[in-house]
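Two complexes come next, and they have one chain in common, chain A, joined by chain B in the first and chain C in the second.
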Partner chain A sequence: MDIIELKKRLTEALSEKILELAQLGKGRVLSVWVEAKHINEVALLLRNESYLGFSVLENFFVAQLDSAFLLSYYLRAPKTGMELILRASIVPPNPEGLAKAPSIREVWPMAEHQERESAELFGIIFYLGLSPADKKEIKHSFLPPGWQGFPFRKEYKFPESFSGIQHQRDGL
Partner chain B sequence: MESSIYDSTLGRVLRWARYSSFWYISVGGGCCADEPLHTVGCRYDLERFGCVPQSEPRQVDLLIVNGVITYKAAPYLRAFYDQMLAPKYVMSIGSCANCGGPFSSDISYSVVPGINKIIPVDVYVPGCPPRPEAIMNGLLSLQEKIRGHHRTEKKIN
Partner chain C sequence: MSFSLFGERLKTDVTNWEVGPYHLSLPGPIRLSLKLDGEVIISGEVETGFLHRGLEKCFELHSWKSAIPYADRLDPEAAVFGELVYCLAVEEAANTLVPPRAQAIRIILSELTRISCHLANAVRIARAVGAETVLHYLLRDREKIIDLFELLTGARFSLNFLRIGGVRADVTEGFIERVLDVCDLIRVRLKEYNDLFTFNHAFLKRTINVGVLSPALIKKYGMTGPNARASGINADVRKDRPYSGYEILDFEVPLGRGEGGTLGDAHERFLIRLREVSQSIEILKQVTEGLPLGEYLTPTEDKAVPEGEAYVRVESSRGLLGCHLMSLGGTAPHRVQFRAPSGFHLQAVPELITGLKLEDLSVVLASLDLSISEADR
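Our next item is the complex of A and B:
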């Protein structure tokens, strides 16, 4: 299967859910942009349909563009060797607030670790099911307990001190 | 130990025993953690100064901290230091442990800018990472400090 055929199959399978279909990396990789609320449906289709077969999630990362968070899922189909980038974006309600995104850990279980990391560092709640759970806080497993704020956000201000240690070099 | 208290033959013998048999433990938080391994290896042979690596904080006199210490690691380092029995000495190796180094306080949110904010430090060894000779020099400075010769405090005109 080459990239033109994959493009055709994706357009047939996802038709109205696609916001943008572009070729990246000198035209060798296809990127599909969908709405965040559809991500689970699209992910299930990409994994289960035998003619697509994207059963491996190679990487997942979050990036911040202005106020929006861009979620990128790097997929691979082991049978055909094709790669695909699935993208969605979410916007937090206010700059300090928690953003909410559907979790894909039921489709690709290896996403769980990376989702937890992004949740802590970007302040995103990844919810299972159809609607966001009433979760107000994110459990800390990478940052020390009691840490305030989300360090990877652009608006993040470094702490003055943490647990009694001044966050400044001596003599400055 | 203040030299004025033990300024007798016994004190000198005690100090001699202490500075010539450093049993140390190394806490590694970054890339500098490789350097004490080189230093204790066959080419530089730290054991000729009486240094023996240990694995139990209650049996050591010297704590070597090297590399990045984050805010998450800070309470554990403090607990580690508290477990050591007096007299105890601390050597800080590498710019990260000395002052935050490349992860200084205006670049990194998570690295403690200098372990002297957590535990008292006797000798700082600068470098990123310091060479084994620099670590040996730091050790000799510490020996002289215990002997009562404050080489590290000498002023150069």
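Our next item is the complex of A and C:
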């Protein structure tokens, strides 16, 4: 299946859910934008439909663009060798607040580690089910307990000290 | 609860064990919370993050060029792969061409690193099974490869040798001859390792049918590299999506065959790595014999990379290593993210160690060849 055929099939299968179809990088990999609330529905279709068969989530990438977070799921169909990037964006309610996105680990279990990492470092709650539970905090495993803020956010200010240890020295 | 010992039933209680974050049997700083029934692990949880350094954030704070040494720290044992995947991603985003000579030098460094890492892994397996003699032989031979790095780059571990558009310097005088000498030496040594490991009754008993990774488990957790190939999954970036000139090289990708034990057991993972060493020697011979003449670096200024994104992948010694970078047209990356294979391998650990005997835990963990450094970043 070439990229034109894939484009046609995606448009047929997901017509009203697609916000944009674009191509990324030199490899000209197709990227399909959907609304974050539709991620799981689209993911299931991409994985289960035999003519698509995107059963492998190779990489999960999060980046901040202005106040929004861009979520990119790099998918691969082992049988056809096709690649696809599924994309959605989410916005936190305020600059310091936690953003919320549906978790895709029930569709692609390999996403768990990368979701956990992004959750902690970007401040995103990945929830299972239809709506986020009333979760106020994210468990720290990469950052020390008690660390404030989300270091991967662009507006993050590095603390001058933590737990009695100076991070920034005078004269440097 | 009870377990049988020489036919006698011994009464045991379920106990909880916390191992780590620092322990000799662990591949690096991780914490295992085990539930044991006698000496059998009935469930296990893995806690990671003890080696998190905010590496990806560091890239955003430096210019494109000066961020390269940080890529060395992704996985210090296999520094070249971090440098290579970052340089390839920047080159793709900036549309920079790499001269054929530089590509060949990159392959030489990659394959030497692969041999060095696989030998280091064999050392860890030897330590886990208590094979004291052979680990000294392995370290002795690995030292020869590290000497080669020193000869070429001046550094033994954090090489800082690759540049955007090529490599920092041309090969030094006598380097190619030394590489070929080391290849010949390792080829002889492989037979020695076979005698000490592969045909060693005690070693076979500790590794055969232990820690079996089924193809379904590999797929579930997105495992790649030698761990996946030992379970019979034919995937290697060097063949599937060739980069840096691997497409013109003739080599095989060894796959698990379930010889002697079960497909995907600890022994198979060990054997696959030894067979990969042999293939790396083949690659090194081909590249050194046909080393192209010409430039080793396309001069580039440390300036802005055009707005856009790039995602590239390489086959590191542990699996598929990816790098996704995003540029907003600035002099520093907007975001650099690594897809580290060990992060995916770690996810399979709780399921893999359930039902295992405690004595086999360190062997199974060593056979997975985990790098906590790249998983935590």
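The working rule: the second predicted complex is superposed on the first by the 167 of 172 C-alpha atoms of A that agree within 3 Å, B and C clash if a C-alpha of one lies under 4 Å from a C-alpha of the other, contacts with A are read in each partner's own complex, and residues count from 1 in each chain.
The definition used in the following text is that contacts are C-beta pairs under 8 Å (C-beta built on N, C-alpha and C of every residue); 3 or more make two chains touch, one makes a residue touch a chain.
Keep in mind that this is a model prediction, so the values were computed, not measured.
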item: Clash or fit (per the criteria above) of chain B with chain C on chain A; value: fit
item: Touched partner set for A:Ser163, first chain B, second chain C, both or neither; value: first
item: First, second, both or neither for A:Pro151, with chain B first and chain C second; value: both
item: Vertex chain A angle, Cα centres of chain C and chain B, expressed to the nearest 10 degrees; value: 40
item: Partner chain(s) touched by A:Val56 [first = chain B, second = chain C, both, neither]; value: second
item: Partner with the higher number of touched chain A residues, chain C or chain B; value: C
item: Which of chain B and chain C A:Pro109 touches, first, second, both or neither; value: second
item: Shortest CA-CA distance in Å separating chain B from chain C in the superposed model; value: 5
item: Residues on chain A lying within both footprints (that of chain B and that of chain C); value: 143, 151
item: Chain A partner contacts - residues on chain B that touch it in the complex; value: 70-72, 74-75, 99-100, 104-106, 109-110, 112-114, 116-118
item: Of chain A, residues touching chain C in the complex; value: 24-27, 29, 55-59, 61-64, 72, 74, 81, 108-110, 112-114, 117, 140-143, 151-152
item: Of chain A, residues touching chain B in the complex; value: 143-144, 147, 151, 156, 158-159, 162-163, 165-170
item: Touching residues on chain C, where the partner in the complex is chain A; value: 47-49, 52, 54, 56-57, 92-93, 95, 219-222, 240, 308-311, 313, 320, 322, 324, 326, 334-335, 337, 339, 343-344, 346-347, 375-376
